[in-house]
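You will see two complexes here that share chain A, one where it goes with chain B and one where it goes with chain C.
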Partner chain A sequence: MINTEILVIGGGPAGLCAAAEAAGHGARVLLLDDKGILGGQLIKQTHMFFGSHLQYAGTRGIDIATILIDNAKNAGVQLMPAATVTGIYEDGVVTAYTDDKFIKIKPEKIIVATGAYENMLAFPNSDLPGVYGAGAVQTLMNVSGVAPGNRVLMVGAGNIGLIVAYQLLQAGIEVAAVVEATDKIGGYYVHANKIRRMGVPILTRHTVKQAWGKSGVEGATVVQLDEQFRHITGTERNFAVDTICLAVGLTPLTELLWNAGCDMRYIPALGGHVAWHDENFRASLENIYVAGDADGIEEASSAMIEGKIAGLNAAKNLARKTNLTQKLYDERIKDYHGQLNQLRRGPFGEKVRMGSGMLTGLPPAVDAPIESLPTDYRAFPAGARVVIECEQNIPCNPCETICPHSAIKVGKDIVNYPTLDPEKCTACAICLTRCPGLSLFVINKEFSETETEVSIPYEFTPLPKKGDVVDALDRQGNFVCKGKITRALASKKFDRTSIVSIAVEHKYADTVRHFRADGAPKPEPRVNPPADIPGDMDAIICVCEDITRRKIEEAIDRDGAQSVDEIKRLLRCGMGPCQGKTCQRLIMQILAKKLGRNIAQFMPQTYRGPMKPVPLGVLAKANDEEKN
Partner chain B sequence: MKKKTDVVIIGGGCIGAAIAYELAKKGLKDVVLIERGTLSCGATGRCAGGARQQWSEPANVLLAKASIEKFKNFEKEMNRDIGLVNGGYLLCAHTPKEAEAFKKNVKMQRECGVNVRIVDPKEIHEIAPFLNTDGMLLGAHCPDDLHADPFLAVQGWAENAKRLGADIELHTEVTGFRKNGSRVASVITNRGEIECNWAVNAAGPWSQIVGGMLGIELGTYAERHEIAVSEPLQRMLWPLVVDFHVSIYFRQSAHGSFVFGHGNPDEKPSYNIRGSWRFIEQISKKLTTLMPALKDIAIVRQWAGLYDMSPDAQPILGKVSDDAENFLVAIGYSGHGFMLAPISGVLMAELIVDGKARTQPIDALSIKRFQGEKKHREHNVV
Partner chain C sequence: MRRITEHPILTFKQGKQVKFTFDGKSMEGREGDTIAAALEAAGIRVFRESINLLRPRGFFCAIGRCANCSMVVDGVPNTKVCVALLREGMNVETQHGRGKIAIPRGGQTPRRSEATEGG
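The block that comes next holds the complex of A and B.
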């Protein structure tokens, strides 16, 4: 039995920050993560982060992971990667499976920072190899260095879908299209713009209808949706793709919290069931804290602060007095809550503000008004100046922080639009390499008598060479004109974002925002689905046990099942190794639709340990050791 | 929900569902089965699903024998697949004392007409090639025993009861009774009152609470039993194996997964159904000792269920009090409700419709037995 004061479950941004905070005040902290590499999703994030410098904005996720791991190590946290927590038991014992051993830990406080898991979509042949969650695609590409395929259909235009589409393009993989079921792009427009200007269409009110292929995906049909999200017949479009990437949202990973017996609430704005917790992230069981996506889907930046709040409070409430003084506690807690509120401002924070309100039963925090967009925002500057194309209230300010001439102003309220003081801007372009949205450009209208030089942030290799003639593209990726490369700058200082400048005719100065060096893309190949694609009712819902939509609908219609548990008993849905992570949400959706009820009325199945399969031999060995 | 009916059955587990079906089959269709949650949500849905005739008490042997005959015909009669594995039961003896008891039991069971015999370790190996027979003196093997999926069996009884006219009311919890002299006039539920001629307590581990609502001390109590399941494998074991010495039972289900559990002598009466980490460690040790080939196979889930224990580990059937003459019980199955459910349904239906159990005498299972001196405790309990 391992004794520790604080056990942190999960080594992502929330867990690492929680552990470092608590250990920093003198608490004995052990952190477990089921993956071999710590950092959670950060290790897959090759893009720069939003937020403020306090959450490492403008730094790439992979580099933030390194910083946070170092912080935790330096604070004295004992890190145990590749250790999967399998249960939180009644006697307060936490069990884990690591290195062919089944270990038991008796902590005083537990911080659950287990993150989230990906939602799945069921359509005919959605169980074909080549249908991935976006997280799997990122792991393959960015952790293992393996291309998931050659041509991808991305499903979902939230930030994850947009970012992964961009990363696929960076890896030299074609993205045929991004489809989004709702009528608007859910992610930041700056992320959308990055792929749009490379010619990737984003089809809103569209979804994937079916896939086909013999031993893997060979194609997919996309269909338009009406207001009730029903397929509009006759709008089908077929794409020759070998990969379908699903980025259709995340669900908080709360199985351990259910297992421990925490009071759980269904809060759609937070992504599903979450543990009730107070403003300091303490759950209904007083020794359990939550942080990060596990308590509601949000950004990594807020996960870090939630982790710090949870870690701070766990340390404060230990039986032993640590070196955390009340004064320091008061200072920190005020600071962290301030940072969190700041990140949750603006339209992108609305969901989580509402969700937190529903969770605590308090009215959602009223968001103070945000500065409106200046009317002269797009006013074209004279001479060489930075042009800012960031038009949403994203909590983000690295442009302001990095500008050596204080020419860009966001202000204390980091959801404000950045504005440029043209008098101060020297067009040094350093800000281009720090904007996580790649939404800053330098336009030099005085480049020559006939030409304007457009400088763009560029994250692809190889870099073009000075003098190359390329196709200049507009914001939608359409060909505008030929342009000549005037500069291609890469520097260590730029942190892997290069600056490429193209000379185009003056009249295209406000049109050209990208280029391609390899000529016009091939037209979309014409493909037709084979005749033998199974119907919608044959889509596999429970992948572990191979249960189709038809069987589930029969269990409801014929056998009278009205709950997830009854369907589980009848069909074995959710009895496989994943314990319903794939199918449960889909089953609740089917139940809600068929019975005409709100999805909030359905309870998930009971989560049972061990949360991940543990070999009998390993447990038997632990039993021998327990006796000794 | 009906306001008036002939029979109210309390409990939607295997016993209640089987009684509802057998009543309807006998033509008594005015039956309302009330279930607090959903079908099988109590003890039935948590049990391992074995059915054996190898008992130490003749009354249990005869009940089980009749049940097994009904199980063998279940899929045909109910038009529902219940994951039946006709794999028999293999009981293993390690000590001379156990071996002697096995021999005595087998003799008695054979006299009851059960196809059971003593097997030596070599024969055990033939029956279960992956079983580690080290230290085993002999076994008792009954190829006619079987195991099945309790969820699906309850579904089968319930849907056929409904088909024949019975009502099944889920999310309906009994909260009390209205009496009229020495009779139960109606069952009061969270969804209203049902007037009835008969009230049947088939509430499993909650039977004592239902009895308490009438002021009747039934003597039953709930006890936690833990259980776990592995990932699925190709068929490698047919019989359900019971080893009383090690205290374990395990079976490979129709689905391919191994289901295994044990009895914990230190377990105190309670309604706790949380699993413990000690259990999965202990049971893994036992299982991998008896089935070494499973050591790399993973446990995917553990859970716990409640036995409705009676003082002698045998069921209590029939009338329990002169103060409630139309209140019947089918309780106290002590972990063996599933295997006795088919015959319990028949006997209880006979008791209600015909006034007495015809198929088999049930006097020995009356609650009155606890008033006398002599008690025959059932020993073959895991």
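The block that comes next holds the complex of A and C.
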């Protein structure tokens, strides 16, 4: 039995920050993560983060992971990667499985920062190799350095779908289109704009109707949806793709919280079932805290602060007195709550403000009006200056922090839209390299008598050369005119974002926002699904046990199943090695639709440890060792 | 499908070559690869055959959760190759159905009386 004061489960942004905070106050902290590499999803993120410098805004995710791991190490946290927690039991004992060994831990406080898992979308042939979760695509491409395919269809236009589409392009992989079932782009427009100006279409109110292929994806049919999300016949379009990437949302990973016996609530705005917690992130059980996506889907920046709050409170409530004074506690807690409220300001924080209100029963935080709203900088008289095209009020201010001339103002309320003081702006373009949305440009309307110079943040290889003639593109990736490269600057100071400047005719100054160096794009290959796919082909819902949608519908209609557990007993759905993590949400959706009820009325299957398959030999060995 | 050699943000360490076999064919991966990454880099996408409908299945979640990538590695079935690291000389095989546990000839079965004691 390992004894520790605080056990942190999960080594992503929330867990690492929770551990570092608690250990920083003198608590003995052990952190477990089931992956061999710590950092959670940060290790796959090539883009700079939003927020303020307090959450490392303007730094790339991959680099934030290193910072957070170092912070935890320096604070004295004992890190145990590649250790999977398999249960939290009534007597407060936590079991884990590492390196062919089964271990037991008895902590005084537990911080659950297990993150989230990806939602599945089922369509005919969605189980074919080549249909990947967005996280898997990122792992393969950005951690292993292996291209997941040659041509990808992205499903979902939330931040993850948009970011991964951009990362695919950075890795030299084609993105045929992004499809989104709702009528609007859910992610930041700045992320959408990065891929749109490279010519990737974003099709809202569209979904995948089917995929096809013999031993892997060879193509996909996309169809338009009506207001009730029904397929509109006759709107089908076929895409020749070898990969379909699913980015259709996340569900908090809460199995350990269910297992521990926490009070769980279904909050759609937070992504599903989450543990009730107080404002200091303590769950209904006194020894358990939650932080990060495990208690509601949000950004990594807020996960870090939630982790700090949970870590601070766990340290404060230990039986032994640590070196955390009341004064320091009061200071920190005020600061962290202030930061969290700040990140949850504006239109993108609305969901989580509402969700937290529903969860805690407290009235949702009132969002004070935002002072500075999007302004159109596109047309301005003359000279050279920065244009700001964020389009939305995003909590983010690296442009203000980096500007050496104090020409950009966001203010204390970082959700404000940045404003530019044209008198102070020298058009130095430094801000272009630090904007996480790549939404700043420098326009010099006095470049020459006939030409304007447009400077663009550029994150692709190879860098063009001065004098190259390229295709200048508009914000949708359409060809506008030919342009000449006047500058291509790369510098260590720019942190891998280069600045490329193109000279175009004056009249295109407000239109050109990107370029293409390799000539006209290839036309969309024409392709049709093979004739032998049955028109009403069934989709597989439970991939472990090979159970189709029709089988589940039959169990409801014919056998009278009314719950996830009943379907599990009748069909074995969720009894395979994934333990229901892939199919459960889909089954709840089918039940809700068939029975005409709200999805909130369905409970997930009963969770019992071990939460992941553990070889019996490992358990037996542990039993033997304990006896000796 | 292929290795990414040029990237504007990331640099990939080109680890030492690691030899392994896939369904008897000799293959090469890189040190530090997961088994799945090495197979994907070689253009192999079908990792197993599903239990009832005998459908091809491959990599899906990459975090050891979905079990879609279960393969037989050195005789051990249900190995999640998306998280298992590649090692020199590994014998990787397509898994059919739930897989079979290889009990070595003359090998001892677990001491049953002790394992169930008190339970």
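The rule is simple: the second predicted complex is superposed on the first by the 616 of 628 C-alpha atoms of A that agree within 3 Å, B and C clash if a C-alpha of one lies under 4 Å from a C-alpha of the other, contacts with A are read in each partner's own complex, and residues count from 1 in each chain.
Keep this in mind: contacts are C-beta pairs under 8 Å (C-beta built on N, C-alpha and C of every residue); 3 or more make two chains touch, one makes a residue touch a chain.
Computed from a predicted structure; not experimentally measured.
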Could you look at A:626 and tell me whether it touches chain B, chain C, both or neither (first, second, both, neither)?
first
Return first, second, both or neither, reflecting whether A:383 touches chain B, chain C, both chains, or no partner chain.
neither
Considering only touches as defined above, state whether A:89 meets chain B (first), chain C (second), both or neither.
first
Could you say whether A:577 touches chain B, chain C, both of them, or neither, answering first, second, both or neither?
both
Comparing the two partners chain B and chain C, which touches a greater set of residues in chain A:
C
Per the contact definition in the header, classify A:569: touching chain B only (first), chain C only (second), both, or neither.
first
Taking the superposition as given, does A:530 touch the first partner, chain B, the second, chain C, both, or neither?
neither
For A:102, decide between first (touching chain B), second (touching chain C), both and neither.
first
Of the partners chain B and chain C, which touch A:613 in the superposed model: first, second, both, neither?
both
Just checking: does A:128 make contact with chain B only, chain C only, both, or neither of them? Give me first, second, both or neither.
second
Would you mind listing the overlap between the chain B footprint and the chain C footprint on chain A?
576-577, 613, 616-617, 620, 623-624
Note: in the complex, chain A contacts chain B through residues 87, 89-91, 93, 95, 102, 104, 261, 559, 562-563, 565-566, 569-570, 572, 575-577, 579, 606, 608-610, 613-620, 622-624, 626
Which residues of chain C touch chain A in their complex?
1-4, 6-10, 12, 33-34, 36-37, 40-41, 45-47, 50-53, 55-68, 70, 78, 82-83, 85, 110-111, 114-115
Quick one: which bits of chain B touch chain A in the complex? Just the residue numbers, please.
38-41, 45, 151-152, 155, 159, 170, 229-231, 255, 272, 274-278, 280-282, 284-285, 287-289, 294-303
Given the complex, residues on chain A that touch chain C span 34-36, 46, 60, 62, 117-118, 127-133, 135-136, 139-142, 144-150, 170-172, 215-216, 242, 459-462, 496, 540, 543-546, 576-578, 581-582, 612-613, 616-617, 620, 623-624, 627
